[in-house]
Amino acid sequence: MTRPVPLNPHPDRLFPPDPAVRSIARRIYGQIEALPILSPHGHVDARILLDDEPFADPASLLVTPDHYVTRLLHASGVPLAELGVAQGRLSEGQARTAWRALCSNWSVFRGTPVRSWFDTELSAIFGVTERPSAENADALYDQIAECLRDQSFRPRALYRRFNLDVLATTDDPADDLAAHAALRADPAWAGRVIPTFRPDRYLEAARPDWTSALAALSNAADIDTGSYAGYLQALASRRRFFLANGATSSDHSHLDVRTEPLEPAQADRIYRAALAGTASLAESTAFRRHMLFEMARMATEDGLVMTLHPAIRRDHHGPTAAVYGSDTGHDIPIRAEFTRSLQPLLERFGTAAGFQLVLFTTDETVFSREIAPLAGFYPSVYAGAPWWFLDSPEAIRRYRSAVTEIAGFSRTSGFVDDTRAFCSIPARHDLARRVDAGYLAGLVADHRLDEDEAVDTARAMVLDNPRKAFKL
Amino acid sequence: MTRPVPLNPHPDRLFPPDPAVRSIARRIYGQIEALPILSPHGHVDARILLDDEPFADPASLLVTPDHYVTRLLHASGVPLAELGVAQGRLSEGQARTAWRALCSNWSVFRGTPVRSWFDTELSAIFGVTERPSAENADALYDQIAECLRDQSFRPRALYRRFNLDVLATTDDPADDLAAHAALRADPAWAGRVIPTFRPDRYLEAARPDWTSALAALSNAADIDTGSYAGYLQALASRRRFFLANGATSSDHSHLDVRTEPLEPAQADRIYRAALAGTASLAESTAFRRHMLFEMARMATEDGLVMTLHPAIRRDHHGPTAAVYGSDTGHDIPIRAEFTRSLQPLLERFGTAAGFQLVLFTTDETVFSREIAPLAGFYPSVYAGAPWWFLDSPEAIRRYRSAVTEIAGFSRTSGFVDDTRAFCSIPARHDLARRVDAGYLAGLVADHRLDEDEAVDTARAMVLDNPRKAFKL
Amino acid sequence: MTRPVPLNPHPDRLFPPDPAVRSIARRIYGQIEALPILSPHGHVDARILLDDEPFADPASLLVTPDHYVTRLLHASGVPLAELGVAQGRLSEGQARTAWRALCSNWSVFRGTPVRSWFDTELSAIFGVTERPSAENADALYDQIAECLRDQSFRPRALYRRFNLDVLATTDDPADDLAAHAALRADPAWAGRVIPTFRPDRYLEAARPDWTSALAALSNAADIDTGSYAGYLQALASRRRFFLANGATSSDHSHLDVRTEPLEPAQADRIYRAALAGTASLAESTAFRRHMLFEMARMATEDGLVMTLHPAIRRDHHGPTAAVYGSDTGHDIPIRAEFTRSLQPLLERFGTAAGFQLVLFTTDETVFSREIAPLAGFYPSVYAGAPWWFLDSPEAIRRYRSAVTEIAGFSRTSGFVDDTRAFCSIPARHDLARRVDAGYLAGLVADHRLDEDEAVDTARAMVLDNPRKAFKL
């Protein structure tokens, strides 16, 4: 039996190692450490805050739903089933098995942000003081399970403890947003949970579930989607419904961001063909690119901010998707292109009053080549924060290094956690704040910025930029 | 009213923060700080040095013509008209308005090279001692305007003060280079201003102004361009004219750098079709790729160095171009490709005596993947300096990091300012020298290079490399 | 005559400059410095160890065969012939000329890994104490030549001195592996030299030497390759022969890594067309993509690890290849793509027991975008070490920075020297160990990792990871 190793996240973690730069970083971070968290894009379910039930167990809370965690364990040889993925509600035995798999494979997370988040999360939220291992897995399970039984670990209590100011969910256009409405109506609830309009599947006529999606849309909007005109009206109507329920943005994730408007008659023709099941793949793709343009047009009318998250090959491993479903760790990036793809959209709406577009990528090459140059000219364009595979210390540094010299800080969106893992939210934002403080400290240390400017910028990154970019 | 903040660029600015590395950087920089400036590629007008008139006002000098400055102000919500763009000669009111827009939005430049250049420029040239702001905008305007009225701020005086050794302009092949000739003939002028042959529009038969360009070319060369043979002769003749007027290089900026020679009969056929207005876009593109190859062939005969600046989507926002013209901040990079594109050219001329090719990019991915490997084998190829969006501290560091390990220092071109902003030239070169000194200091600090070698290399970057790469 | 400059590689070379980080790096490196070298992929000839003859001369050993060295000298104006390339066995005069070219152009290697390797190699192996230069070239030649005459500089003695644990060669499937067998049978030989199955030319039906290759394959396997079925059997048979001779991996380097299985009948049809010389280029390409898939299928049966090294344009400069042959410094990278290209293969075999795939690239953009995400999900996929143009200090740091945050350390292959330059092997591994120690020290210094974990990880990078990834 090996002696337990202390888990004790250092107060200076993630700051640059040079003592002079570190001192500056510490001072900057000190000014932003305690600011509230704005989370304008993510995947937490509003219902957990409405219901405010205790979380089930450590694995269901921290392992099973988080594909950041399960993917690397899967790569290390642990079957997804053993991690509880797609197993429904876990028995205690199942939950302990999943938790043990995490602790026994703790070493595979070395150098990853998952490890950094866990260090912060386990220590700051659950009071864990030992590095997880095969030996202490059960004891840590017990300790966290004990916490979860306490009132102070209920979702609403954690929302307050996390100092969340706003939390955005991601929702289907046909969703009735009942949980959001009920939350707002609850006098005991003082937080702010807002929906996000995510219409991807309604724009992709080639999807097998497209017609059933249209039926749901028609039903939700109470508008006949049997015609192209009705379809547009139904989408516009649901956007207004989302706005009325607090939404400030729509989110779009397709294979590319090409935006090519069709003539209305042509769009109408393809729409009818798609309904009849006779549209070709090329036609469906053309229709989707047309509709992304239409989403922008609607945005100029209703004011929803448009966020783009493209260039991911979803469900790369079919057999895994067949057994375990989507979002199980094998969505793999491909090359992204923005300059040509967005030109029709930006040509038309790029300087339109109130129109806003936030560009995210998992292809780092576009940061300096395309996104920053676009955000550095168009008043509508914001360079989105590093996303998904890139929301990690060194990737954030690369992003700041690539984007700042071209577009400054003011044209960036502020950090987006984009997570399903509720308890990781403060750790993720804290990591981003530390890394940004370190980056700004570097600019002060090499005399490119005065320290008062660095502090002002750091605060803006946390509060002003997300508020502006997402119209919060 | 806020208290003014001092503007006082630090002597150690842009050096690495570690004290030991910084000391080395300081020593290396000390050996190159005062060396003359070679500017082998840029966009200053020779006429301003010929005429030697006082600059009109601070905004016309420092804001309006510099799309590095105007683009980020535009992104921040300032209309280009308010910055004086395309407004003709500015009234004092207009100039003050533009200047105020800069000062009031000073914070948007945090972390950008524009800010670094301005810090140096305002302080070292104009003696400004306060950080610009809405409050002191008018006072700073007055201070700079006062300077501009002084003899010592005339263009020629500044040329001497900047310690310029050579300044290259960029010129149309039909240009009579009268300003260059008059300057050379002026006994009171001891500087060196050389033209650069920039034939882009003559090679792009699909451009609407192509036939009128040909007429101008014919006229300038006094050669009938009614035939393909005449066209080639006219181009060759103008190249010789440029050489006779001091040019050492031709500059080429197309969407790609593909170089695919056509059979003469095919080239002739397309040329005639293009003259008749019947060439297809594909034919015009093929013709351009053929002509880029022809430019290399001519270079092996007349010795002009060939510089390539590809992969920029010009005038991305049509409505802005329509109102304000080109070069107004919305030229956006796209992916670049050199390995396959240049193979025909390099296969034929890559080891030809005297042939030289300098490769620039705004797509950083090609630095380690294509440009450095090419420059590391072909005696004709030089890795051009970071260009445009990338002529900034961290981008230069990334360039050195990506290129040096593959091609060393000797196969790189030295810094190119490529600017229209005359007063920014010394600040830009100074920034590059500081960053290179810091990079070399890092190699010394981790014992990859001895300090004598670092100093020798730093001097070569400033003097020998541009002289060799551009045949100065 | 200039005074000689000492050559004295610093014990702290390549460590980060910050004193605190450097101390940590020193401690980590101290734990791995003396570990044996595993070289699971390279191009040394097994015969030199079998024959154990003295190396001919300094140039033939250190200059002529190493295209890392000759390419940059060629770019600097030295003809390849003068470096001894393709000149057969060199006379002493030729060897001295080549050696002088290296020493006289020593400065062009500043900042390159070649320089770092030479510093270590010349100093540690040959006891050189002066920086090479035109002045001391002959004296250094004499000094090294003197060494080479000594028993202790024979190949086997150096193998032991280098502390090599295993050395993989790269071999043609038709090779009889006689040298490998003879070595194994030699009671005086205690080392381990293993072959690698490299079938590229057998899979590329468009190559002019394809049919003669098939004849050799048929001959070696004693199986008729006149049919597609026979061809597959012959390849499978040679794979088993390689396995029986110690091979653990097959190596594949094509222009892309697309893997698209054909129907057997279709593959058969193209195979027959190719034999008849009537297959189109498109058909040959489709056949190669099919065969790469087949190689994976065979790997699931026989257990050879599959390594991919794609996206290099070989023999970029035809005239040089015609005179000097291949591998003469002008293989130039192009863009790589893995996500879509490997999907068919990974869909089928990505989670198959025992199947292993190591992905190498010279296109850095795929590290964070494709390779790390794939290695972070598929248990079969390893992120290969930085390769070729990228096996250098800063490129290794970029690799660690891009890959680690997504896939951790455990999903990476460990360092691969991939060299023809026998004496550079310890210097290359030492460089990688120093850089990895420095990277890990950075994680400790910013409190992302505890030092015990960093040491454990550093050891794993040297021993466990290559053993696991290459099944050594």
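By letter and in written order, the chains are A, B and C; residue numbering begins at 1 in each of them.
Definition applied: a residue touches a chain if its C-beta (ideal position, glycine included) is under 8 Å from a C-beta of that chain, and two chains touch if they have at least 3 such contacts.
A quick note: this is a predicted structure, and the numbers were derived from the prediction, not measured.
Rotating chain A by 120 degrees superposes its CA atoms on those of chain C, with the angle stated to the nearest 5.
For the pair chain A and chain B, the fraction of shared interface numbers is less than half, so the two copies use mostly different residues to meet. The centroid of the Cα atoms in chain A and the matching centroid in chain B are 40 Å apart.
Residue positions of chain B touching 2 or more other chains, listed in rising order: 16, 18, 365. Interface of chain C with chain B (complex): residues 5, 9-10, 12-19, 71-72, 74-77, 107-113, 115-116, 131, 313, 316-320, 329-330, 332-335, 362-365, 389-390, 392-395, 398. If you check the complex, the residues on chain A that touch chain B are 16, 18, 20-21, 337, 339-340, 343, 346-347, 350-351, 365, 368-370, 372-379, 381, 400-402, 404-411, 442-443, 445-450, 452-453, 456-457.
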